[in-house]
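Structure incoming, see below.
All chains are identified by letter, namely A, B and C, in their written order; residue positions are counted from 1 within each chain.
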Amino acid sequence: MTPGIEHFLTVGALLFCLGLAISLSKRNAIGVLMGVELMLNAVNLTLITFSRFAASPNPVSGHTFVVFILTVAAAEAAVALALAVAVYRNRETIDVDRLNLLRS
Amino acid sequence: MTPFLVSDKWYDIRDLGNLSRAILEAADRILPFGVVYVLAAVLGFVASFLLFVLPSQLFVGVYGERRIIGRMQSRLGPNRVGPFGLLQPIADAIKLIQKEALTPTQADRAVMYVAPIIFVMPAVLLWAVIPFGENMVIADIPVSLLYFLAVSSLPVIATFMAGWSANNKYSLFGAMRIVSMAISYESPLVLALLGAVVVTGTISLSGMVAWADEFNIWMAFVQPLALVIYFICVSAELNRTPVDIAEAESEIVAGYLTEYSGMKWGLFYGMDIGYALAASGFAVTVFLGGWTFFGLEQWVPGWLIFIAKTHLFYFLFIWTRGTLPRLRADQLMAFAWKFLLPLGVFNLLIVSTERMLWAEQDYAKGLIYLFALINIVLSGALVYAWARFNGYRPERTPTRPRLVKQVGGYIPIEERP
Amino acid sequence: MEGFGPSLAFWVLSALTLIAAGGVMVSRNLLHAVLFLILTFVGVAGFFVLLSADFIAMAQVIIYVGAIAVLVLFAILLTPRSGRDNGETRWALPGILLAVCLAAIFLFVVHDTAWDTVGDAPAGLDARALGTALLTTWVVPFEIASVLLTAALVGAIMLTRSPEEEAEDALV
């Protein structure tokens, strides 16, 4: 079977939902971050798929979007991991269930 | 380019690409559709890896390196097995295969077994984009420079896996060091290569060789600082000896290789040399004109020129290994961030300015030689000025013997100021 | 996208990517999860090559595998004890249910829409066209992205400074 736009979009959707499940269900802050990265990847895949298959006057726009998402992902990973390290230094844990000091 | 005495015939051995193309065209007529692509990949693998990389790895990397280093350290080196000791690498390989591949009981078995395999794969993949001749490149993709950078960022993961899975304190130190080195030295490396990309206006390795051929100048003269930065960064990333803090045997037993033995260790050892060879080939392609040599490539086969240049560049790795002492981890880290990275940024600024001037003028072709001269002078001045700015002073060679405490050595507590 | 090769590549890549992403979900050891994540990144890069986005594929490998995965490994090594465990929270079941429902919706939308597609890869998808677009049409977002990166760099350095270092700086 020749892969068309539906196949790529299906893979992107499944990847996104796996990432969502990971980021919602993991206890470790780094695990949550990994889920977020997976979701960003799935979005990249979807954007590139549209840029490749959709009839558009300006197909490079999809690529441009992906470049910006890559930048934001890099910045987000750096700051989030720095946050995880800083939280670990103060609380000796990065378990998101136990970071509940502000709960009354 | 239209070389003198050119021919596209299969018997023209100055470019073996003609021969392989003839074979593939003949095969395409006989074989069913699609098989020819598999055949092309196999042919390229055999030609580049089995005929060039593996013998170079064994006889230049293992044997030659040990002989030359032995010479530098006033000893003989391996000279017992075969004539001049030439069969030493084969004896080594047989010994390694016979050895038991130990695995510690607390180790992560799967990761520990997969790590050497993952380490080998990129070393083979890297050769896919290196042009050996005008038509002698396995995959002539338009983004081959980026491909090289991308693939060469994979072995870091493998070495990390090796260091972490052994469940040994020293292995983990080695893994931690290699990861931090890879992150620190990646940015100056990319900045240095960006200078070359800005000058040529292409990110295809074949395009870079064509540029060097067209302007009759090597990138090393236009971008001397970039070559120096590239060499230092690539030695740091590949753990070559002056900067091999990840497997420094005087500090952390053998770094990430502590728990490895037998052929699992042998794969790491052999492929280290393979990566250094690939880095030499890449440097030759980007900075030293690849398979061209100012017109000589019309008389001598280009791939011979390329192989000779690669081995000469690899000699630089051996030379630094034989002469320089090992640096400390924090010194290396500071060197990457405080010295190489600003120099790379300055270099990029200079070269962008030149490129802008160059694009606006019509009498462009001769101007590149002027730029080369300016850049050579500026690079020296820049390195000197930045070193002065950071407070490094050149150490004068003492003409008389000095006491230890005069050169900053040990001072007894009661004499300290 | 015709021919046997691209189809085979597509099915192998989708199997690899989805199985590796599932491995991130189920593996108990956080380090194994990161290794599976790296495999997923490489698979997605393969998809990009298949979709004739060479530059993006290489950027994906350099940034995700070479930088982000290495950063994640760093963070795991810097948070010992709690860094090794990849367990689920109490909210795992509702989260997974939500993801499954979302997947169902996505799949319905993907297969129910009549997409307006072109067969061949459109022209102008190479790195040069991308660079031109980034520095002409999208130059303002490009500059903002560079400012964002600088801010993230400074922020990450400030966040991870230890109290002793801050005390030293306060004295000066």
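We take it that a residue touches a chain if its C-beta (ideal position, glycine included) is under 8 Å from a C-beta of that chain, and two chains touch if they have at least 3 such contacts.
Here the structure is a predicted model, which is why all the values come from computation and not from measurement.
With chains as nodes and touching pairs as edges, the resulting graph is an open line.
Here B is the chain whose Cα centre lies closest to the centre of all protein Cα atoms. Using the average of C-alpha coordinates as each chain's centre, B ends up farthest from subunit A. For the pair subunit B and subunit C, the distance between mean C-alpha positions equals 28 Å.
Distance between chain centres (mean CA atoms), subunit A to subunit C: 6 Å. Spacing of subunit A relative to subunit B, judged by their CA centroids, is 34 angstrom.
The multi-chain contact residues of subunit C, meaning those touching 2 or more other chains, are 3, 55, 59, 67, 71, 74.
Against subunit A, in their complex, subunit C makes its touches with residues 1-3, 6-7, 10-11, 14, 17-18, 21-22, 24-25, 30, 33-34, 37, 40-41, 44, 47-48, 51-53, 55-56, 59-60, 63-64, 67-68, 71-72, 74-76, 78-79, 81-83, 85-92, 94-96, 98-100, 102-103, 106-107, 110-111, 115-118, 121-122, 124-125, 129-130, 133-134, 137-138, 141, 145, 148-149, 151-153, 155-157, 159-160, 162. Across the complex, subunit A meets subunit C through its residues 1-11, 13-22, 24-28, 30-31, 33-35, 37-38, 41, 44-45, 48-49, 51-56, 58-61, 63-64, 66-68, 70-79, 81-86, 88-89, 92-97. Residues 34, 37, 108, 111, 141-143, 146-147, 149-151, 153-154, 156-157, 160-161, 164, 172, 176, 179-180, 182-183, 186, 203 of subunit B are the ones that touch subunit C when the two sit in their complex.
On the subunit C side of its complex with subunit B, the touching residues are 3-5, 29, 31-32, 35, 38, 45, 54-55, 57-59, 61-62, 65-67, 69-71, 73-74, 77, 126-127.
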